[in-house]
C-alpha cells in the first residue's frame, strides 16, 4: 500500500500481507520525505533553524517552533528573559494551532472512513483559523513566528476582538473564532461524525492499544490518553506557563480508534478554554513581546532535552551547544515517528479498511516522521 | 405516415422499432448521466459550502460535457500485463447492464420500451451483468486494489440482490403483477397518495438501503473505496474507458431511482394537465354552487385535455422524472453525509438485518392482505371498518 | 533517582539544564543500568540517539516514568561512550518496543549496531544507501549538488 | 443478538443518520458558499503577509537603499541570496554587481528583512510566483527594484539627504520599468498593493495623471528641466493606454513631472489637494535640482 495512496497522509508505504481482506502482517516503510533536518541544523545558526522546524510537522508548525525556541532559551538560562506577554501569546497561538491540527486530524480520519463532507467542514473552519494566523504571523501554514527571546511581532490590532463576537467575525477575531468554534463547529462534529453509528461501528473496538503497550511503545498525546493514561506534558511537566491555566485532560477508556478520536475532539474544547484564559489576560496586559537578546546568539556550552506536548504527542528537542552560533546537534523527537511503530502492532487481525482507520486515528504527519 | 408504416413488412417493423427505442434509451441514459453527474457535484458542493463547478457554461452547468470531451481525447492507458480482452470489454458490459434497466421502465402511460410481464425478474436478472463487468475489470486490470475492489463488489452485489428482490415482493403481492406498468396502474387506482410507499414503508427502506449497496454508492461504496483501494475496480482505467464507468454509475443510479419511483411512488401517476384544469374549473365553479362561464370553460377544456394522449404523456413523464430525481437526490444526500461501512459490517447488515426484515415484511403483507380480502364483504361495524381501512391500506 | 546512585556509584552523574539527570556509564554496564531503570518504573523511552563528539560517539537514551499524578517529571539520560568505528551495543528495543525505530535511526545516522534488534535495517535512508552515515561529523555528501539557478534578464 | 438490541441498534443508527442528514441539509439550504472566486476575486492579504522579498527605492532621491552590506545573505537560512560586489575606488563604497534572489528555494522566512540594517528589503504582497521555467524564478536586482517600487516611499529629506543624489528617473533607466510595471496594470506579478501597512506613496510620475493634471496647468511655461527629463525617460516610459487617466495626459509622461518640478507648482498642488504631501516634498526637491542646473 503506497507510497502513492490517497490515505497515507503523505508518502508512506505500508507493506501489508493479506489473507483475503484480513491483514496478517504490516510494516511501514518510511523515509520518502527525509529532508535531513538534523544535519541541516548543524550548519545553521539558532534562529535559522526555526523555519526548518516549521517544516517537520507542517500542520502544527507553531508547536514545533515552541519546542525548539524554548529549548534554546533553556540553554541560555537566565541570559534571556522572555517577556510575559510573549509567553502568553505563545500559549495562545500554540493552542489555536492545536485546534487547527486536531481539526485536520479529525477531518482526515473521517475522510479515511469515507465521510467526505466532514473533511470539507474541517477545511472550512481551518481556513478561518489560517486567516487568523495569517493576520497574526504573516504565514498561513509555515509561520516562523517565534523568536529566541520572544516573538517576531505583537498581535495585530483588533485581532483579539470582544467576547461576544459571533460567527460573522470568525475569521477576523480570535474571540469570534472561539465562539464560533464552541457554538457551532464542535457540536456539528459531535452530531455529524462522532454520533454517527456507522462511524462508531468502524472505530469502536478497532486497533485497541492497551495502557501497558501504550507506555512500552513510547506513545504520547492523544494515543496514550486514548488508552486511558492521563499523561499530558502540559500538566505533568509544565513548560512555558501552562501551570497558570486551567484545563482538563480528557482520557479514553478502551484505547481504540474511537477513544483516540474522542480524546482529540475533547482536547479541542480544552484548548479553546485555554485560549479564552489567555485572551482575557492579553487584552488587559499590553507590553513588549521581544526580550533583550544579543545580536549573535551563542548559547553557553551545554545540552538540553526539552519536551513539550505537541498536537500529536510529545515533541521534544535535544539541543547540544558547543558555544558557537550553530547548534552542535539537534535531535528532533517527533511523535508521529514514534507512533508509527505501533501500526505493525495494532493492525494484524484487522480488515484492510481498519488499517486505514488506525492510521488515521494515530494521526501521523509524514513530514514529521521523516523530518 | 401510417400507410407507409404499414407497408413495411412486420419483421422489419420490429427491427426498426427496436432500433428507435434503443437509440432513445441510450440517449436518455446520456441525458441522465449529465443531469445526475451535475446534480451530484452541485449538491455535494452546496452541502460542503462550496459552489462546485463554475466555469463551464452558466455556473458550470455544462461541466459534464466538457469532462466527457476531455476524456474522449485522453490517452487510453493500458498497463502492462493486463488481460487485454477483459480489460477493454468490461466497461462496456457495465454500460450495457445499466442501460438495460431502462428498457422496462414505464416513462408515461403506455410509453415503455418493452412492456414485459416479468419486469421485476428481468431487473433481478440484469443486475447480474454488472457483477460480471466489475469482476472482469478487477481481474483484467491485474492490480491488487482492483482485484480487492472487484471481489468486494461481487460479494456485495450478489448478497444484496437477494435482499433487493425480497423487498420488492411486498409490492408485487399488493399489485398482483410483475409488470411495472401494472404496478403503476395499481397505485393509480388507489387514488391520491395511494402509493405503495405508505403501506410498504419497511420494504421501501430496505429497498433504499439495498439499492444503494447494489449501486456501490456511499455508504456502501466498498468496491471503489477511494481511501482504501485507490479507486477500486477502475483504478487502472483512464480516458474514455473510465468515462464509460462513470457513465455506468450515474445511469445505474438514475435507473434504480426510476424503478424505486415506479414501485413506491406511483411512477408516472399524478395529476395530468386535464385533471388539473378540470379540478380548477370545479373550484372556480364553486363545486357547482355558483356555476359561471369561466369555470365551465376551464373545466370543459380540462375534460378535453384528459383525452389528449400527448399531454398525458408529457405530464406523466414530468411526474416520473420528478419522482426519479427525488430518489437521485436522496441517494446523493446520503452519500455526502455518511461514512463508509466495512465489508464484514456490510455483509452483516445485508444478511442479518435487511434480509430478515424484508422477509418479515413479506409475511406481514401477506397476513394483512389475507385478512383484508377475507373480510371484504362483511357488514360495517367498528371491527370491520378497521379491517376495511386495512384493506385500503393494503 | 537515588536508586542509580546506590547501585552504580562508579557512574558519572550530572544534571542537565532543565533538571533531567544524566548518567554516563561504561559500555559493559549499559544493559544493567537500563534494566535497573526499567525495574524502577522508567518504562517510557522518550528518545534514543547519539552524539558525535568527533573522537567518540555517545549514545543517549532518555527514559522517563509515566505517572499521571507526578508533576514536573524528570527523565534519566543514560549515556554510553562508544568508539566511532564499528560500535556495537546491546539493543533496548526488546525492553522498550518504542525505542525500536529510534535505534534503527541511530544506526542509520551514526552507524551504531544494536545487538539483538529485531529488525536491524536502515530506516530513513534507502536500504541500498552506500554513502555512509550522514550525521557523523565527517560525512561528505558525494552526490551532485543542485546547481544554482542563474538568469540574467527577465525573460517573460 | 436479542430482539431488543436488534431493533435498538436499528433505531440508534437511524436516529444518528437522520441527525447527520439534517445537518448536511441545513448546510446545503441555509448557509452560503464560502468559495472565493480566486482568479477573479482576491482574498484579503493582511499587513504582515510575506510574499516575496523585494528591494525598496528611496523615492525622494531615486536611489536604491541597498548598500550591499551582506547582512541578508548571512541571515538567509537557505542561501538563496546571491550578492557580488566590488568597492568603488573613488567613493570607497560597496557597489553591488549582482544581487539576486532565487525564489525557487526561498522559504519566505522574513529573516532577510529583519536583518537588513537599512530598511532596504521588504516583503511584498505578491504571491503568484509561478513560472514555467524555474530559472525565471531567479529575481535579479532590477526585478526586485522594479517590483519593490510599489512598496517604496519617499523618505523625509533630513540633513542626511545627499546633495548630489541620482536624479529620480535613474531607477527608471536601471530597471527599465514602465509605469505599467510599477502600477502592475497587467497583474504582472500578483495583485496591486494593498493599503494596509505599506501604503504606496509614489512619485508623481507614477501616480495617476489625473492627480497631476491640476498642478500641470498653471506652470507649463516654466519647464527648464523638461528636455533633460524627456531625454531620459521616453524610451522607458511609452504612452500608457491601459490607464484611461493617462490618455488624457498624453502630452508625454515627462511633462507633468517637470511641471511638478517647480516650487510654485508644488505649493499649488498642496492647495488643490492638500493630502499630497509627498508631492510637495518631491516638488521642492526637484526644484532644488532645477536651481542647480
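In this document, chain identifiers A, B, C and D correspond to the written order of the chains, with residue numbering beginning at 1 in each.
The working rule: a contact is a pair of C-beta atoms (placed from the backbone, for glycine too) under 8 Å apart; a residue touches a chain by one contact, two chains touch by 3 or more.
This structure is a prediction, so every number in the text was calculated from the model and none was measured.
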Fewest touch steps from chain B to chain C?
2
Please state which pair of chains has more C-beta contact pairs than any other pair.
A-C
Could you tell me which chain's Cα centre is nearest to the average position of every protein Cα atom shown?
A
Based only on mean CA positions, could you tell me how far chain A sits from chain B in angstrom?
47
Could you work out how far the Cα centre of chain A sits from that of chain C, in whole Å?
24
If you average the CA atoms of chain B and of chain D, how far apart do the two points sit, in angstrom?
60
When centres are defined as mean Cα positions, the distance from chain A to chain D in whole Å is 36
Two or more other chains touching the same residue: where does that happen in chain A?
117, 121, 124, 192, 196, 198
Can you pull out the residues of chain D that are in contact with at least two other chains?
17, 20, 23-24, 27, 34
In the complex formed with chain A, which residues of chain C make contact?
16-18, 20, 43-47, 49, 51-52, 60, 62, 66-68, 70-73, 75, 77, 96-102, 105, 109, 122-126, 134-135, 139
Which stretch or stretches of chain D touch chain A in the complex?
9, 12-13, 16-17, 19-20, 23-24, 27, 34, 46-50, 75, 77, 107-111, 114, 123
Chain D-facing residues of chain A, complex
44, 47-52, 55, 117, 121, 124, 127, 131, 134-139, 142, 144, 152-153, 156, 188, 191-192, 195-198
Given the complex with chain C, which residues does chain A contribute to the contact?
30-31, 34, 36, 38-39, 74-75, 77, 213, 215-219, 224, 229-231, 235-238, 302-307, 314, 316, 318, 320, 328-329, 331, 333, 337-338, 340-341, 345, 370-371
Chain B contact footprint on chain A (complex, rising order)
5-7, 21, 110-117, 120-121, 124, 192-193, 196, 198-199, 201-202, 351-354, 356
